[in-house]
Amino acid sequence: MSDFAIIAVISIFTAGLTVSFGALGPALGEGRAAASAIAAIAQQPDAAPTLSRTLFVSLAMIESTAIYCFVVSMILIFANPFWDAVQAASGQ
Amino acid sequence: MSDFAIIAVISIFTAGLTVSFGALGPALGEGRAAASAIAAIAQQPDAAPTLSRTLFVSLAMIESTAIYCFVVSMILIFANPFWDAVQAASGQ
Amino acid sequence: MSDFAIIAVISIFTAGLTVSFGALGPALGEGRAAASAIAAIAQQPDAAPTLSRTLFVSLAMIESTAIYCFVVSMILIFANPFWDAVQAASGQ
Amino acid sequence: MSDFAIIAVISIFTAGLTVSFGALGPALGEGRAAASAIAAIAQQPDAAPTLSRTLFVSLAMIESTAIYCFVVSMILIFANPFWDAVQAASGQ
Amino acid sequence: MSDFAIIAVISIFTAGLTVSFGALGPALGEGRAAASAIAAIAQQPDAAPTLSRTLFVSLAMIESTAIYCFVVSMILIFANPFWDAVQAASGQ
Amino acid sequence: MSDFAIIAVISIFTAGLTVSFGALGPALGEGRAAASAIAAIAQQPDAAPTLSRTLFVSLAMIESTAIYCFVVSMILIFANPFWDAVQAASGQ
Amino acid sequence: MSDFAIIAVISIFTAGLTVSFGALGPALGEGRAAASAIAAIAQQPDAAPTLSRTLFVSLAMIESTAIYCFVVSMILIFANPFWDAVQAASGQ
Amino acid sequence: MSDFAIIAVISIFTAGLTVSFGALGPALGEGRAAASAIAAIAQQPDAAPTLSRTLFVSLAMIESTAIYCFVVSMILIFANPFWDAVQAASGQ
Amino acid sequence: MSDFAIIAVISIFTAGLTVSFGALGPALGEGRAAASAIAAIAQQPDAAPTLSRTLFVSLAMIESTAIYCFVVSMILIFANPFWDAVQAASGQ
Amino acid sequence: MSDFAIIAVISIFTAGLTVSFGALGPALGEGRAAASAIAAIAQQPDAAPTLSRTLFVSLAMIESTAIYCFVVSMILIFANPFWDAVQAASGQ
Amino acid sequence: MSDFAIIAVISIFTAGLTVSFGALGPALGEGRAAASAIAAIAQQPDAAPTLSRTLFVSLAMIESTAIYCFVVSMILIFANPFWDAVQAASGQ
Amino acid sequence: MSDFAIIAVISIFTAGLTVSFGALGPALGEGRAAASAIAAIAQQPDAAPTLSRTLFVSLAMIESTAIYCFVVSMILIFANPFWDAVQAASGQ
Amino acid sequence: MSDFAIIAVISIFTAGLTVSFGALGPALGEGRAAASAIAAIAQQPDAAPTLSRTLFVSLAMIESTAIYCFVVSMILIFANPFWDAVQAASGQ
Amino acid sequence: MSDFAIIAVISIFTAGLTVSFGALGPALGEGRAAASAIAAIAQQPDAAPTLSRTLFVSLAMIESTAIYCFVVSMILIFANPFWDAVQAASGQ
């Protein structure tokens, strides 16, 4: 395998791995937070606005870790500095 | 294996891995949120609209991590920049 | 192994892996949601229509992640762009 | 190993893996849903018809993911397009 | 190893793996459903016929995933199309 | 290794793996069902006959998956069609 | 390694693996059933004979899966048909 | 490695693996049964003889799976038929 | 592979692995903290400001471990000292 | 590696593995039984002698599986028949 | 690979692994502590200052293990004595 | 690698593995027993001497499995018979 | 790879592995202890000083295992006797 | 790799592995014991001295398994008899 190919291969594999593995934790964490919020609203309907607000802030915070992964995955596919360097080095 | 083939191989494998592994967390998380919402509606039927709304926003948020994975998988199959580069490089 | 064969091999393996691994999460998540819905109907029979509706929307949402996997698996078997490219390249 | 053999090998292995791994999630999910339904009927015998209906719809939904796996497995054994292509290519 | 042998080897291994791994989920799921049914009958002896019927339908549904695996395993041992093709190809 | 030996090796290994791995799920499932039945009889001694009958049907159902594994294991040791074919082919 | 040795090696390894792995499930399952029976006798001493009988039938049923494994292990060590065939073939 | 050595090596390794892995399940199962029995005696001191008897029968039953493993391990070290055959074959 | 390529490869793979694995713990931990906070607000609405403040400080603390990972990942992609050293050494 | 060395190596490794892995189950099982006994004595101080006796018999039973492992480990280090045979064979 | 490259490679990989794996435990531990603190404040709002203080000391203590990992990771990237030694040795 | 070195290597590795893996189970088991004893003393302070005695006997029993591991580890480092044999054989 | 490099490589890798893996247990253990202490203070505010003192002693005890790991890691990076010996041996 | 280097390598790796893996169990076990003690003190403040004493004895006992690991790790780094033997043998 040429250097060209090996960097493409590892970028593809890592991009997929990053986004799929990075979805595991946030999805479970958000599921837990949402389940708790829904149970709380049923128990205390009057506090629904406060609870929703707290839930959405928490979901955004948790989602951020998934977004880090998505960002890294997109960088690896579309703005990979190593790929650019190899292409520049080999004059392609 | 030629460079051509190795990139195809890793793209196929990563696309499948990404979408299947990325389905694990969201499915479990959504199952938990849905289970909680259904129990909450049974306990407090009057709050059903609020609960449903909260549930659907949460499901959408959780589903988003599965969709990231599906998007990356589709990119790897149908719009893979490394594949295009290799095809351009080898003049195929 | 020729390039021809290696792409066939990885497509077959990935198609099977994708659909089987992708069935794990949704099946468990749906089982949890369904168990919760059934317990809720037994506890609050009057709310059965609302509960059923919420259950079916949730099941559809969870099933969607399994369907992503099935779609990717079918694409890899019957509409694999890399396979077509290799066949075109080798004139077969 | 010839290309002929390697595709047969991977098809056999993937068919078995797909159907056996794909049985894990649905069997556990259905077991959970059924356990919940039975407990619910014992608790609320009057609602048995509604509960049974909800259970069977849920079981069908969960079973669908096992059926996806069985379908892919059967395709790989009896209607494998890669196998047909290799047989056509090698004139066998 | 000849092609002949490698297909036999993988068929034997996959047949065993399929049936043994495929027994895990259904056995656990059936155990859970049966445990729930027995507890329910003890709690509500009058509903025993309904409960038994629901249990047996559920067990049949769960057992079906184990039977898929057994069927695939038997096909791989006694009606393996790849084996037949290799035997035909090598004139044995 | 000759073809002769490799098929013997894989048959021995698979036979053992199948029966031992296939014992895990049924043993746990039966343990759960039995535990539940015993607790139920203690709680409702009058229903003991019904409970025992339900337990034995369930145990038989669960045991069936272990028996599938034992059957496949015995076939691989004493009635292995691939072994017969190889012996016929090599005239031994 | 000669064919002779490799079959001995795999028979030894499989015999040990089968009996040790096959002990895991039954031991846990029997522990659970026994724990349940003991708790039940303490709670309902009058039903001790019925409970003991149910326990021993269940233990026998669960133990049967461990015995399958022990039988296969003994067959592999003392009545291994592949070993006999290889010894016959090599005239030893 | 000579045949002589490889059979010794695998016998040693398997003997150790069998007895150590085979200790895991029985130890946990016996721990559970014993814990249950002790709690039961504290709760119902009058039934101590019945409870002890049930406990010891159960422990013996569970211990039997560990003893299978120990027996196989001892056979592999001190009465290994494959070792004897190899020693006879090589005239040592 | 040249030194140039191997450092690029490992940097890409490590960057993805770091950010995706590093998302698992924080997402689960934040999900737990948020779930607890929402349940607490529902139970004691008057203490919502105190609870929110405590929650946000805790989320920030937990998020910090995810941010460490993101920072290391970014350093590996965009400010990798080893990459710079290799580029300097090879005069590229 | 000479035969001499490989048998020493595998004996050392197996001895360590056996005793360390074999300590896992008994330690957990004894911890559980002891915890249960202590709680039972606190709850029913009058039954302390009966409880202690039951505990010590159980601990001895559970410890026996750890002792099997220790015995096998000591045999492998100090009374290894394969080692003796190899030493005798090589005249050392 | 030159010595130069292999040390760079292992430093990069270890730096990422250290910080990401080291984030798992602290994040889960902090999540647990925070969840407990929030529940405690809701239950006893008057003790909020004491609880917050205890929480923050605990979080700092737990965070310290994550910081150890971050420090080691930074040392490996920016102040790696082995890298310096190799650079000095090779006169680069 | 010479025989001399390989036995040293495996002794070092096994010594470390044995003592570290062998610490897992006893530490968890002792933690459980101690936790139970402390809760029991708080609940029944008058029985503290009996409880402490039972605890210390149990801890000693559990610790014994860790000590087996430590003993084997020390034997492998400081009194390794295989090492002595190899040293004697090579006249070192 | 020269001896020089291989020792550097393994020291770097082990240093990172040690500190990150060694952070897992202490962080979880401290999280559990802290959670318990916070819940205890909320339940019994008057005993806060005693509880805090017990907590801090326990945290220090648990932290000590993390510190062992950090110390070993630092020794491997900055005071590695094997590294010094190799440097002395090779006169570098 | 020379014998010299391979023993250094395995000593370094084993030292780190031993101390980090050996920290897992004790940290979790101590966390559990401490959590139990703190809850017990809150519930029964008068028994604090007895509880503390029991806790510290237990922590010391559990810590001992971590200390075994630390001791073995230190021996491997600073007083490794195999290292000394190799150095003596090679006259370094």
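All chains are identified by letter, namely A, B, C, D, E, F, G, H, I, J, K, L, M and N, in their written order; residue positions are counted from 1 within each chain.
Throughout what follows, contacts are C-beta pairs under 8 Å (C-beta built on N, C-alpha and C of every residue); 3 or more make two chains touch, one makes a residue touch a chain.
Labels paired with UniProt names: A, B, C, D, E, F, G, H, I, J, K, L, M, N = ATP synthase subunit c.
As the structure is a computational prediction, the values presented were derived from the model and not from experiment.
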Chains in simultaneous contact with subunit F and subunit H: G
Centroid spacing, where centroids are CA-atom means, of subunit D and subunit I in whole angstrom: 37
Where subunit I and subunit J are represented by their mean Cα positions, the distance between them in whole Å: 43
Inter-centroid spacing, subunit K versus subunit A (mean Cα positions, whole Å): 21
Separation of subunit H from subunit N, taking each centre as the mean of its C-alpha atoms, in whole Å: 30
Multi-chain contact sites of subunit L, meaning residues that touch two or more partners: 1, 11, 13, 15, 17, 19, 21-22, 24-26, 28-32, 35-37, 39, 41, 43, 55, 59, 66, 69, 73
Chain contact topology (line, ring, star, complete or other): ring
Order around the closed ring of chains, commencing at subunit A, then subunit I: A, I, K, M, N, L, J, H, G, F, E, D, C, B
Complex interface listing, subunit B residues touching subunit C: 1-2, 4-5, 8-9, 11-13, 15-17, 19-32, 34-39, 41-43, 45, 48, 52, 55-56, 59, 63, 66, 69-70, 73, 77-78, 83, 87, 92
Residue ranges of subunit J touching subunit H (in the complex, touch as defined): 1, 3, 6-7, 10-11, 13-15, 17-19, 21-22, 24-26, 28-33, 35-37, 39-41, 43-44, 46-47, 50-51, 54-55, 57-59, 61-62, 64-66, 68-69, 72-73, 75-76, 80-82, 85-86, 89
